[in-house]
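Please find the structures below.
Presented sequentially are two complexes of chain A, the first with chain B as partner and the second with chain C.
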Partner chain A sequence: MADPLLLDLVKTAKSYGINVGFLTSPHERDIWLEGFRTTLTLVATMIPVSLAAGMALAAALTARQRWLALPARVFVELTRNTPTLVQLSCAFLGLNMLISQSLGGAGQNPFGAFFWVVLVVGLHGAAYHAEALRAGIEAVPDTTLEAARALGFNRLEILRWVELPLALRIALPTIVNNLVTLVKLTTVGSAVAVGEITYASIMIWTQRDNVVELMVVILVFFSAINLVVSQIGLWLERRLAVPGLGVRS
Partner chain B sequence: MTTPVPPDSRPPLVRLRDVHLSFGATEVLKGVDLDVRSGEALSIIGPSGSGKSTILRCINGLIAPQRGEIHVAGTALHQLTREADRLALRKRIGFVFQQFNLFPHLSVLENIAIAPVRILGHPRDEVERHARDLLDRVRLSGKERAYPGELSGGQQQRVAIARALAMRPELVLFDEVTSALDPETVGEVLAVIRDLIRDGLTSVLVTHEMRFAEEISDVVVFTEGGRIVAQGPPDAIFHTNDNPRVTAFITGLGNREPANTGTEGRAR
Partner chain C sequence: MAAVAAVAALWAALQPDLAVILIGWVPYLAQGFAMNILISVAAIAIGSLIGLILGVMELAPARWIRAPAITYVHIFRNAPHLVLIFATTYAMPFEITLLGGTVAFPDWLKAVVGLAIPASAHIAEIVRGAIQSIPTAQWESAGSLGFSRLRTLRWIILPQCLRRTLPAWMNLYASIAMGSALASLVGVGELLHAATDASTAVRRTDFTIAVYLTVLVSFFAYCYPISRLTQRLERRFAV
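Let's turn to the complex of A and B:
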């Protein structure tokens, strides 16, 4: 099964004092590769979840109805002010257990650890996005809103076509910042045994003496993801830039 | 086929009766009666704070008076309780603001097209064709892709007029649309409005441009302290009126034009 090229690579690495021997074990190699895939999947689901929930939360925060604005405010404060790891434990060990019980056993529960990580960390990011967007929404002048109302826009149409597009442009740098943090937060998944890259690496390095090697790979991996995230952010910022509006004109 | 109806027996497009409105303890409108007929241009003149903008906002339902009746285009606005009904009416009434209030993130073409496309649900290609015609009408062909931030005040105001017209409104309300403009660009905006009125647009204009009001209006009303204190054809208001307040206001403004700093003669 072991590829001669791979064996060669492992040997060469070893001559330089780098221990990547686990690559010759199909089992450990699979765990490791699955770790990369899981982290990327987490990132790819969490970012859209956080953005969609962030917009909904921002809409609720700026709503005129108290029954919308108040719960949204309480949620944002709770989420921002408590440790994500504890939130995740509460959700996975507490909420998830209750759901399992009420459905008659863990086998009936459609939600797994992956779901709870996406939900908890995604909503954590959403709280930060929402605060950034709220500031942007509140910066839209009343006169602009009055013009929209005079044209027959209703409250939701104003939000969709006027407030959010303007708020997004103002909030984009902050949102990209939040997303970078969110990418790093995927590692809390290891606390509930989601096999993302840090969890996979820990499994491997507890068997072998290669902590430094795997650490370096993790650092490079996250740097690469976040480089892509911030480049996309910059590209979006440039694309959405409008002459006479905002900093970049 | 039918015998033509004499114009004055038709119900007016806008009809205000005994409209009272207060903001908190401040009484702003103290019994306003107003009629605007189809195809007519009515100008509202009067000192700052006399309630001119408030009257316009009542006509399109942006604010609701506490007392009185407002009929607009067959709708009893004062009886509407649901916001959805007020929105439906607003789609049929154009509003042009002193500060233009264009959407800064949208190109000129999008500013004009967004409401017909997104609010009325009309097909985009048809709306864009209409938008280009309107741009031509306000003499801004070639500016489709520009953003509001790249245009002069006069150009922005003409886009705002096109944006209002894109909804094919039955009535357009103009609220001091030249007051925020440089004296040189006032003319280009007034020329556009003059053309529209000549083509039969029904309009209510709040303005401090006395000569313009005299030239284009069918009716001029003078407001003071939340009441209409004089109204009639332009000639009667500007030349033969016997109300000393109106005369003082008109000559006070007239003296300042055209070389002076502001285009408005407002005294607070």
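Let's turn to the complex of A and C:
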């Protein structure tokens, strides 16, 4: 039985012309709440995936070996110049189907829609991070690298201890911007029936005809996530700021 | 590009029957792609016009002009494109009564509106940034020559902004062009939707993969030249 307080709330909202009647149906309410959880889970898994893959890609992009740099460049250009939804279709309807067939039936396939969304959108973000980090790596002064070489660092050690830490600081504002885009891109999950907030809302509004109400909630929800992401970004920027560089605020 | 063509030719030689089926579907797919181009061009045109007005409004001295523009830009720059497309599709009527007659309001036009909204918000920020990058002295000298605020904007400031905003505008154009694929999710017959139709009609694994790769390559062929041109312009305009 629904909470009397909730019923009261729904009734008050209705008197103002706001249709949130779905809250009294436990089934629809569960879909909706699950939608919030799924979106947050997507965001929480995608951000680390994109950052890790982005660093690896940036390292490959700036590598002196052509067999490493060229495929990374092709991947980055392909990812940045094609729609995420088309990439997701290729991966989910193409690659996933091939895997299912070679394993003998969809039941044997360990990868679900959630996995493909995280992989495709995560790598999409990674391509953008990689470009930002590459620009950062190239911005590290030659004298700094010479100093590191003089201290006996090898190429990989220079990347790990000198170039990446500096590149990360230079690229951080762009990376945070990319993460905001990434958060918005989680919505493509609805195309392959991952029950995130957009998908859940569609399920409800096709029954209840309350598009505007639910859309306002979605927009506020995404604004809130992105506010948190950009605040963490700002905090990190201040934390990691190199003393003696830039403008003090 | 040559490498892609070579791979495609090799593949067609190895799988002639599949290539024949795919070629048979090309007109249908091309029709879909024309829809993508139509949606993206219309969305960027409407978005640019509204964005220009909003960008100028954001810098207005009067608060009651500035505040609504800033709020609009803030809300819709943070909104996922897909959510806006869904919202316009479901919330807008399928026909509009105008001057006594009814005009159909098809889904593709709703997708245009859904993409024009975030486009206008992004363009507003691009325009605002460009106007602010013009030295203040130019406003003052135009004022001393007897130009009003709006005339200064129209004849002195905005022409200079055009060059500065071009790379950012083209980036946005590519992003909107890619966003047009989202219209497939609300049933607009664009390229991705056409590919899904083809794959359900043919029902062959290799065809499904080939057709989706065709979609991927088509979008790449559309967006990659834009991004290369943007990079070249950025380098040329760099100070």
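FYI, the second predicted complex is superposed on the first by the 245 of 249 C-alpha atoms of A that agree within 3 Å, B and C clash if a C-alpha of one lies under 4 Å from a C-alpha of the other, contacts with A are read in each partner's own complex, and residues count from 1 in each chain.
In the analysis below, a contact is a pair of C-beta atoms (placed from the backbone, for glycine too) under 8 Å apart; a residue touches a chain by one contact, two chains touch by 3 or more.
All figures in this text were calculated on a predicted structure; none of them were measured in a lab.
In the overlay built on the shared chain, the residue A:V242 is in contact with chain B alone; chain C does not reach it. In the superposed pair of complexes, A:G107 makes contact with neither chain B nor chain C.
Between chain B and chain C, more residues of chain A are touched by C. Of the two partner chains, chain B is the only one touched by A:P165; chain C is not.
Contact with chain B, but none with chain C, is seen for A:G152 once the two complexes are overlaid on the shared chain. Of the two partner chains, chain C is the only one that A:V188 touches; chain B does not reach it.
Within the superposed three-chain model, A:T143 lies in touch with chain B and out of touch with chain C [touch as defined at top].
By the touch criterion defined above, A:P4 lies against neither chain B nor chain C after alignment on the C-alpha atoms of chain A.
Those residues of chain A that touch chain C in the shared complex are 77-78, 80-87, 89-90, 93-94, 97-98, 101, 180, 184-188, 190-191, 198, 202, 205-206, 211-212, 215, 218-219, 222-223, 226.
Put simply, chain B touches chain A in their complex at residues 60, 62, 83-84, 87-88, 90-91, 93-95, 97, 99, 101-105, 114-115, 118-120, 147-150, 160, 163-164, 167.
Here chain A touches chain B in the complex through residues 143-144, 146-154, 157, 161-162, 165-166, 169, 240, 242-245, 249, going by the rule given at the top. Considering their complex, residues 75, 78-83, 86-87, 90-91, 174, 178-182, 184-185, 192, 195-196, 199, 205, 208-209, 212-213, 215-216, 219-220, 223-224, 227 of chain C touch chain A.
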